[in-house]
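Letters A, B, C, D and E mark the chains in the order given here, with residues in each chain numbered from 1 onward.
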Amino acid sequence: MIRHFDPFVLPFIVGFTFLLTALAVLYSRWFIQLEAGSHPKILSAFFSLKTLNAIKEVFLECLIHRKIFKINPMLGYMHMSLAFGWFLLILFGKLETFIYTGRFANAIYYPIFFRFFELNPHQSALLNFFNISMDLLLLFVLSGVCLAIIKRFKSRVTGLKQTTKHTAGDRWALSTLWLIFPLRLLSESLTAAFSGNGSIITQPLGDFLGSFLPAQQLAYISWWGYSVCLGGFMAALPFSRYMHIPTEIFLIFLRNWGIFTNKKYSGVSNFELHACSRCGICIDVCPVNNESGRRTTQMVYFLRDLREKKLKHSITENCMMCGRCEQVCPVAIPLTTQRQIQRDKSMQKPFSDFSYLERISYNANEPKTEVLYFAGCMSHLTPGIRQSMIKILEASGIKYSFLDEKGPICCGRPLKLSGKTEEAQILSEKNRTLIMASGAHTLVTSCPICYKSFKEDYHLNIKILHHTEFIDQLLVKKQIAIQRSDEKIAYHDPCELGRGSAIYNQPRQIIRRVGQLVKHPDERENARCCGGSLANLSVTTSERNEIQQSVSSYLSSQPCDIIATACPMCKKSIGRFAEKPVKDIAELVASGLDESFMNEKAIKNQKYNELIFE
Amino acid sequence: MDNNDFSLSVALAAIEPSFAWCIGCGSCTATCSAAQFTEFNPRKINLLIQRGEVAAIKQELKKCMLCGKCQLICPRDVNTRKIIQNLKRIMQ
Amino acid sequence: MKAEGKKKVWSDYQKNIADNHYFYVRSCIRQTFFPGSETTFLKILRNNLSKDIFEDARHTTCTGIGYHTDIVPFETLMTIIARQFALMTEAGYSHFVPSCVTSFGIYTEVLDTWKHFPETEEKTREYLWKATKREFKVPDNLAHTSDIIYKFRENISAISKYRLVNRKTGEPLNVVEHIGCHYSKMFPSSGVGGAEFPAVLTGMVESWGGNVIDYPERRHCCGFGFRQYLVKANRGYSLSNSKKKFESMQPYKPDFIVANCPGCAMFLDRWQYTIAEMEGTTYDQFGMGIPVLTYEEMAGLVLGYSPWEMGMQMHQVSVEPLLDKIGVEYQKNEKYKGLHGQDIGKPQKPQFLIV
Amino acid sequence: MTEQKHIVIIGGGPAGLQAASGLKDSGHQITIIEKESTIGGKLNSWHKLFPEFQTANDISVYLINSINNSNTEVLKQTIVTKITRENNHFKISTAQNHSLKADAILLATGFELFRAEKKEEYGYGIYKNIITSADLESSFRQNGLKDLLLGKTHPRIGFIHCVGSRDKKCGNTYCSKVCCVTGVKQAIEIKQLIPHSQVFNFYMDLRMYGQNFEELYIEAQQDYSINFIRGRVSEIAENIDGTLQIKAEDTLSGRPLKMNFDLVILLAGMENRQDYDNIMDNNIKLSRSNGFIVPINRHVRPNETTIPGIFIAGTCREPLSIQETIADAKSAASTITEWINKQSN
Amino acid sequence: MGNLTDQLNKDIRFIEGLKACMNCGVCTAICPAAEFYQYDPRIICDTVQSGDDELIENLLRSETIWYCGECMSCKTRCPRGNTPGFIIMALRKLSQELGYFTDSEKGRQQFAIKRAIGNSILTTGYCVRPELVSPQHHPEQGPVWEWVYDNLPEVMEKTGANFKKSGPGALRQIEPEVLKELHQIFEITGGYSMFDIIEKHSVQKAHGMNLDPSSDGIDNQYFENTYTQNNGNHNH
């Protein structure tokens, strides 16, 4: 009968058991911390397709790493070889032992150190097949390890500009991880050298090594090393970025069952937090990092600090909240939400007095107004936009009134973004009452910032449109017409409008009617942040300027005559440095209005109102 | 002036020194959303910090809506919004 | 402090002061609170300097206080003043000498207005004729009574009995001089030494052996402010201004204060009492306050006049410590007696201020 | 080649020197008359020049070298007593008994500093530790303010702008133009010298009219945290410890303000108090405004006076910076050459 | 230019007082009132210079114009040769003529001043007489003055005053015919009409405030009110 124990397996067993207990404790705690109402939700969703989807997603994301592949194949392969390869090693190992012993239940370490315990070469073809494939898989994984090592020292090879800085836990886990597979190869080869139980790779390598080394003694040492590294890695895992490996799996299930972080920090937030693999993809896209080389505030660091409970104000605040990182996060963590929650926390008791707003009231300039136009603070600094909107509204012949003609009350979003939710509510309440008092059935604003807060925080039971949506409708319903010019126009998606409110098409449809739309790499979801964002509370002016400058020069370098955008803030930020004219879509439309058409249709506008505002 | 309290300006200078670059042109006040409804005067706040007349500032601060217009028009690139933001935190 | 610098300034402001035949007009406040000073002034001019100075019983107030409390219109004021000039003209004088600094300021202002707006002088002549059938000549020379004393300071020094020197130590006395705002602030050239470093009192003090001290709030107003004192509700204004001056002069340890303005002299005296009673502070080492003199009294002392005949018993802050420093001989028990030695009682002692 | 003429330049300051070097190759005979024992004028008493902190000495050396080994004659310690016109030339006589025949005269007599003691309320010449911007320059040249500040390491220093400028009270309604930037420049120099000093500028308007002036102002605020208070100082008084108490209104906050200073610098303006009438014979009358000589036409003939043959350059016409003065002198030189050529044919 | 500005421009002191203000603030710097009250002469000059009737009317109805002590220190300093002090006097005159002065606590005090000083001028020929300075209304005058006040004839005699007697000298009795001349001057030059305006508006106000102003004299509620009331909102 065969030997089934040797002291060198102990490190592995210790590490493994530690890992299991650690995870068990943490996960169950977080699971309990889930927001009220989540648990029944999970129960109901458990036996449904959602679970199957989750499994599929786990396979695709956690093993194959589809997302990363999309972003950059090299990186994708690296992750896949490590994750999927390792997974297969375990799977095949298990099968091999099963077939070999005929028993399914074996000591947990048995498959892993199989070649140590079973020295006689396989006889059956089937077993040899496993032996071969195990060797190939090992090669597969090792290729990943190599890439990882290269990445660490020459990150650009894998297409990443920067890679994350590491903590102690990380470094320990990382170095053990790197050693695991080379050691496995070494141990198996050396063992093969004197027992001949190797296969296509291990055997020749073993024979070669054995030709000049005392294989037997070294093999035993190497097996020790292998076990120690395995155990060490598992022990370090809960304290390292590799925590993301198990956590992500759970997160995917939770997400598929419809559990997300909302306004408050909850158990699921913990899962999200620990699901961050610190892959560093968010660093490259971060405007603050790109232009100003600030390497402390990006999401990966934010989450790390949060995890290690040493998060600083300045970090929480130094973010444009442009949402680009969220867009590319392979783990799809709701990053901006996470940061917003921390901002809310950082702000203590309210410190505002808006009593002066009480005096203001809505006085309708006409009995019934259908459309209410709200320019917003920023649009008051870009009269071009304001005037164009008036011109368009006049042309459309709709009964409208201009809510903040005399100057606006802030929509409250800037306050909210700075974590002063309660105070923001005072402002939104005030605006809300004014808006409702107008009796309009549609609210149109020129400012994406206002637009977003109207949509999210105002609970208005009337139609809310950004002026791009509104103008688009006017054009579709032939309420206004424009003469098309052959100017080339590149469109810059404002964060709050694009990623923020998923409005990508209307602006482009309008532009196609005005002139020729020029495509460019960083558009739609990948649009850059103009640097003007009010969300960043600690960026210095010069840093801000750097961001604005690079965005401007990027856009100016596109093959276009005009840079178009749909946000007063973007217009100002880009306009400050751009070498090409920067126009708001409203301005483009207003200047291209087809007067003759106007006159004909002026009569029909009553019908139009029935059409869109049923 | 000799017995004014400059602790605030010192504290603020560490976080955001740009308040000292103000040339008192008043464009911030001119554009301020809050200033159209009240006596609120960002230019003056900025000045009072420099003069160490802290007491006067506190109530005034509360009127700011943080809308950020002032920042956009400041000819001296004074980081007005950040200043107010931090004042609020310091004085809270 | 570089004295030569000041001397240079003074040289720019040499004011022309008539040397005889004066037409004298009195001051509301001076005659109310320190009538002895006016008496002394006339005595000095007539007896010591044998000058001709005439007072017409028919002259009146210049209504300056009414004017500066804005109840008397400028036209009225100008006509009242014209009447004074008329009296002067009728008496055959042309050198006008008001005892009051507010008046002096007003006379200067009116003459200046007449110069720049001749129509106003015409109108005034009309008014005066209608009202009183009087006519007048504009004075050839306008000088404040303190200017006169300043002019003859060396003559007085020559015949002086006492010096402004501490008899024991031989040290010159430290004197704070206070100039009434309306003396030269409105028209620097109308005051001896101009507006910033008026020499009118300094000149007297220095030629009589004293040492003038310069202190930060020297130029500051005593705080009369007309309506600000006359109306009870406003007196905080008056008090706080004097207080500012006291606090600023205290470190220089002044032996006495001398003022050329009737109001100032009275306020600087009375407010020391008020502050002492309110806050328990005085601005000397002994809790007695800093004696405040009118320049007439100062001149009188130098010439050996009896302090009590000059009315120095009417000061709230006792002058005795100063008299002793200088070595003036005086009858302690005569202080509160009547002219014929009759007893007319004594003032009560204040709570805090030592008298 | 026209016959050689004699051009006399009165004043050996930057304007005079530059004009001379501009004329030295014209083939005419040039004479500079300088009342001081050295040429270079006020440049000799300035330390550094705004806005780039160029050493004043370098400039004067440059100017002086530019006329060296030319046939330019320089009469030092010479004071002009009379200028008379004799048919088509002038006769210049001096206190040192020269008598020169001149075909053209260039007045480069420069400016005098406003006599700060005239603003009595500021107590210049009465209180110690009140100095003018010019005094400060010379103490910079003697390297530092040690004697003034008695080694105080954290002194508080105040600059008062518009002293003797824009002030009817001392008869000068005009703006002397260069004091604003001088104040900013000197404030920076003080900060460099005494890093822990607190520096305050009291101004009515800051007129940063020149290239890089505004940048200097920004630098003063951003890099040297120099304070600027908009308000005219009403008076200065000395405290018992010798420090100076100033009163002003902080007009931007609308509050009266009182502060103590260890040193106060008065930015004295420019004046032209030359008594030309006394020197010129009766039939020569220069037109003046605010004391400065008025040219025929400020726009197109800035260097010609109403008297043919008498020209002006530099600050005797109007307040100018050194750079402007030199540019002006260049134009004066060419104007004179043109004029002479016209005369001779 | 507004109507109020035109009226101000009728006043010589206004013409003299306001040439062209450049807001340098030197007047406020030197102003004793600015140190004590919430008062800023520079801003007043700026307001009148604006020529905006609404602003000027507010000024005429405000407490502000009554803070000045008319020490005229500002005249010495102004680099443009203005005299804020004169401007104030012109404003106060107008405020009284238009009856605006009763809108402000400090303005209402004109009544007390008129009753005290005004009447004294007309009855005694002097603005101030010892009799007027009663220890009751002037506690700050102290015990010595109280003694003087109680023994006026003797004390004054000792100091060589001609107390209440005819002929020249301090505190002499002003003869009726002299007073008559005084009255005629007041009659002709508008001195009386100014007094009457002050009286008229004050009496109206008094009734508005349910305080008795009585026909003349200082022993009445409205005098007491205007002479002593201080709402404490005037200072820094």
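Criterion: a contact is a pair of C-beta atoms (placed from the backbone, for glycine too) under 8 Å apart; a residue touches a chain by one contact, two chains touch by 3 or more.
Computed from a predicted structure; not experimentally measured.
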item	value
Interchain contact steps from chain A to chain D (minimum; 1 if touching)	2
Between chain A and chain C, the fewest steps along chains that touch one another	3
Label of the chain whose CA centroid is most distant from the centroid of chain B	C
Chain pair with the greatest number of C-beta contact pairs	C-E
Chain closest to the assembly centre - both centres taken as Cα means	B
Chain whose mean Cα position lies farthest from chain D	A
Separation of mean Cα positions, chain D and chain C [Å, integer]	46
Interchain centroid distance [CA atoms averaged], chain B/chain D, Å	39
Between chain E and chain C, distance of the C-alpha-averaged centres to the nearest whole Å	22
Touching two or more other chains - residue numbers and ranges from chain E	35, 76
Multi-partner residues of chain B (at least 2 other chains)	18
Shared-contact residues (touching 2 or more other chains) in chain C	195, 219
Listing of all chain pairs that touch each other, if any do	A-B, B-D, C-D, C-E, D-E
Touching residues (chain side chain D, partner chain C) in the complex	117, 120-121, 123-128, 235, 237-240, 245
Chain C residues touching chain E - in the complex, by the definition given at the top	26, 28-36, 38-39, 55-58, 60-61, 63-66, 68-76, 78-80, 83, 105, 113, 116-117, 120, 127-128, 130-132, 181-182, 185-186, 188, 195, 219-221, 223-228, 230-237, 239-241, 244, 270-271, 273-274, 308-311, 313-316, 336-339, 342, 344-350
Residues of chain E that touch chain D when the two form their complex	22-31, 34-35, 40, 42-43, 76-81
Complex interface listing, chain C residues touching chain D	1-2, 5-6, 8-9, 194-197, 214-219, 251-252
Complex interface listing, chain B residues touching chain D	1-2, 13, 17-18, 20-21, 23-24, 43-44, 47-48, 50-51, 53, 76
